[in-house]
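The following pair of complexes shares a single chain, chain A, combined with chain B in the former and chain C in the latter.
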Partner chain A sequence: MTRMRRFCRAFAAELVTAFALTTTYRAELLLWALSGTLPIILMGVWSEAARTGEMPYSPAEMARYFVAVLFVRQMTFVWVIWEFEEQVVSGTLSHALLRPIDPVWNYVANHLAERIVRLPIVFGLVGLCFALYPSAIFVPSPSAIALTILAVLASFTVRFALQYTFAMMCFATERASSVEGLSFAAFVFLSGMLAPLDLYPSWVATLAGWTPFPYLIYVPARILIGEPVAIWHSFGVLTGWAVLLIVTQRCLWWWGLNRYTGMGA
Partner chain B sequence: MSRPQPDYKTPGMMLRAEHLTKTYRVAAKEPGVVGALRHLVRRTYREVQAVRDVSFSVEAGEFVGFVGANGAGKTTTLKMLSGLIRPSEGTVSVSGQDPFRRQKAFLRQITLVMGQKQQLIWDLPAQDSLRINAAVYEIDPPEAKRRIGELAEMLEVSSLLKQPVRKLSLGERMKCELLAALLHRPQILFLDEPTLGLDINAQEAIRNFLRQYNQTFAATVLLTSHYMADITALCSRVLLIHEGQLIYDGALADIVQRFAPYRELEIRLAEPRTSEELETFGEVANLDGLSVRLIVDRSKVRDAVVRVFEELKPTDLYVKEPAIERIIGPLLKGQGLGPSDG
Partner chain C sequence: MRRALAMMALFWSTSIAAELEYRANFTFSILSSAINLFTGVFTLALFFRHGAALGGWSWAEAVVVLGMFTILQGVAAAFFQPNLNRIVDHVRQGTLDFVLLKPIDTQFWLSTRRLSPWGLPDIALGSAMAAYGVGTAPVTALAVIMALACFVCSVAILYSIWFMMATTTVWFVQVSNVTEVLRALLDAGRFPIDAFPAGTYRFIFTFVVPVAFMTSVPAHALLGKGSLLSLVFAVAIAIALLLASRAWFRYALRDYTSASS
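Up next is the complex of A and B:
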């Protein structure tokens, strides 16, 4: 068996088991998905604002944008830092470190399995949005769907890499998730989750461009609703950030392992 | 600074630790609000040497007991041997490899079982965890199925593998943990309190299984346990660790010679005697009617026996080595080994 085939078999086993575990926690997953429905609230607020004020968006366009934000946000949700933190603090990371496969693949499998189970819930939420705002109903073109899938995958990769990089701080502090909270605040503000970025002051939009955040939500959402986006530039930036974060994470991983004490185990 | 390289080439040598030391940096924080505020402004740390200059080697197929009180350094040593943590000083070689590099070839050869930590997925049947382990350790499905069947039969858990782990009793869970930990048929087993909290029957079952595994696969086993029955039943050799230092490395039977320079005289008296009368022969450890147990210095045993026969006219008399448990017991309680402390 080739090395790649052996890895694929191991990852497939991780994925199947993660799927079984996720279905066991389906009620919890539903609650998690519902807790991420801020875009539905913002959709109502901004659609009303678009109806009454002067905006470059019509109420239907605004509603459509937030439906797309909801979808992208749900499909790129990452929680690896909490899982990793719990494992470091409780010492259960020790078992993962002694298996001949990098622990990251277990976290990736857990996220992918969760995404498969979450997908019907996300479609249900999108359906709810369309029921609330029938004018927002849209059918993306096949090319938009294909590009959205790629953009969501790239966005997920960068978000995962970013959070996993922050997770390495668990080797130095027991509450790395609190530090990551700062990054999350920037993410919420600069990703286009609160409002389309072209409504921000130009200097904020420029500032956001220097971070990965607009490419994580705003860009995939615009691709989904068929708005013009600098595709090559966006994927280039996402690839750059992914490479930078993965290299940084690997460096911090080896630094952290030297500090790891396997406490509690 | 380069570290001295241990000799990995000794035939049959499976594990070697040389001058192994581990120092932890621990935050020193005073209790209360003032302590918390002070710690916030100016953090202070102290260094704790969990393991100090420990050297030993283990040959392939040996079953070695690692004994010491809580905090003596047993688990820290096991973590260094298994590659979980890097030694502060010294070198360690397991099967000719540096454990901390955690190369796949090394990881496939070892397993670490921790009685207090489980690797099985809590909410799924053990079978699911076994499927992952089989794939991760690159065991072909038919071979994995055969091994699971074989180990499950040895451990008597065949009917339990499809139940969620959370529904299993502690003993059943530990058996399944062992199954998962041994599925890849490791040659080196680090077992940290594998019988912790189990009832006597479950302890016995685990012991029998470990003995069988060691004999069947010629596996090298390093076992820590607070239950002396585990050590006496399984280990011919013992490492005693006290406050991070190795104070004894040798045969279990020789511990008595080294740490107990006394014998026990069990006497059945012909007529009742008082403690005061008996104390002229040795230390009275127990007096119950006509039965008495005396502790006598090894060098004075011969004289004491002669005097007992002459003066007490006993109906029965046995000279015994003290039980291992009675010698190691104080060590497990963190009291050291008294005047014989090596």
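Up next is the complex of A and C:
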């Protein structure tokens, strides 16, 4: 019990400092949010394509899909590997290790605080999309909203666990983020960020199903716009990936910590 | 001029020597380039699979645009990112002082000091794509020259905008990532400008962030459809922006306070 209380107090402290830090750098945050606007670009091309080609989507539905993608993508941004790489290479991870709480909670707190400050910007961007495509305006049902929140949380957890697992490579090489670059390329391709996955040839869609990626963007986006989704299956897969990645990450963490020399600190 | 070239050769050979310390990185960056390229081609194919018109550009022509985009991305990764994104650090740490003291043009030093070889695979792959897109269509020497001229302009345009954005850090140290926004908007250059809906989109990507001049115009020229008028436009914009970046930098330096040095 006391351990739990100690943890809660430490994590609360992490959250408060993270929030203060994020609000200080809010201009930077605004620009990060703006740099995640690829869905808005694709929204233009794809809805124009839906107008001229034969697709199961109307231009308005297509625009709606990309608005949902924009929202989910913005809410599941993860950058922990760069933060971690910096700390390992410069040796400042040593300071983080001295805290009375595992360093992972510091990164989690940073991401959570950032999300809260980012939310109004995301709504602004969504508003901008609706201004571009008034026909795409929609109001999600309460159940869709509730499920979207759960799906975004699950998607964020898996994204974070995946990237934090790759971050453990920092203990072996100085440039672990290039591994993340590779994984990100696969993520972009298979997550439904470039196009709704049901437009993909079926073999690619099947292949994507074997990775966690479609469940990170495509599924939450579809839930948000009220398209049919295999809910139980999707949440089951997300939970499975989350557990698998967290266990792997913990094993690698203890392996890496034994190798860590604190060089430079 | 000869001195500048000699300096550049020296800068780049030391940069390459430094970067080659990270050889495993090279494998990953080639793999990432290959996946990105595949993703780009795949997305284009998706449009044609579903009968989208892409503003009247054929499959092969759209591939040329994507090729131009890939080359431009390679140029950005090789030359702009490693140099221009470092300006903010020089401002923040005050090390710009040392650069200002060097007996060499500051803007030149800031823009050419480093070369990242990791951008080179994209340049090669992009050129191959453009060649594939042109295919067996007869290419006149004039078209190639026009395309090259247009492409040089597009590099100059991108450089100037990037440099000016990076220089704003003299006033706003907080916006160290301002160039990321530019990089994100650049993604619009994957598609022919006519693939965007008429109105806001085309206006923004032609006049605000002139992505149209960076990929569609050189691609058009290479396909032998370029007009002298658009070349003249591109040259005019490029020269105007280059001069503006020069003036902008001088202006920014007046407010440089050399913090913490």
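Following the convention adopted for this analysis, the second predicted complex is superposed on the first by the 264 of 265 C-alpha atoms of A that agree within 3 Å, B and C clash if a C-alpha of one lies under 4 Å from a C-alpha of the other, contacts with A are read in each partner's own complex, and residues count from 1 in each chain.
Here, a residue touches a chain if its C-beta (ideal position, glycine included) is under 8 Å from a C-beta of that chain, and two chains touch if they have at least 3 such contacts.
Note that the coordinates shown come from a computational prediction; the quantities given were computed from them, not determined experimentally.
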item: Which of chain B and chain C A:258 touches, first, second, both or neither; value: first
item: Touched partner set for A:16, first chain B, second chain C, both or neither; value: first
item: Touching partner for A:146 - first (chain B), second (chain C), both, neither; value: neither
item: First (chain B), second (chain C), both or neither touched by A:34; value: second
item: Partner chain in contact with A:45 - chain B first, chain C second, else both or neither; value: second
item: Which superposed partner A:243 touches (first chain B, second chain C, both, neither); value: neither
item: Most chain A residues touched (candidates chain B, chain C); value: C
item: Which of chain B and chain C A:97 touches, first, second, both or neither; value: first
item: Partner chain(s) touched by A:185 [first = chain B, second = chain C, both, neither]; value: second
item: Doubly contacted residues of chain A, that is, touched by chain B and again by chain C; value: 25
item: Residues of chain C that touch chain A when the two form their complex; value: 22, 24-25, 28-29, 31-32, 35-36, 38-39, 42-43, 46-47, 49-55, 172, 174-178, 180-181, 183-185, 187-188, 191, 195-197, 200-201
item: Chain C-facing residues of chain A, complex; value: 25, 27-28, 31-32, 34-38, 41, 44-45, 47-50, 52-55, 132, 173-175, 178-179, 181-182, 185-186, 188-189, 194-195, 199-201, 204
item: Chain B partner contacts - residues on chain A that touch it in the complex; value: 1, 6, 9-10, 12-14, 16-17, 20-21, 24-25, 90-92, 94-95, 97-101, 257-258, 260-262, 264-265
item: Chain B - residues contacting chain A, complex; value: 24, 79, 82-86, 102, 104, 107-108, 110-112, 114, 116-117, 119, 121, 123-124, 128-129, 131-138
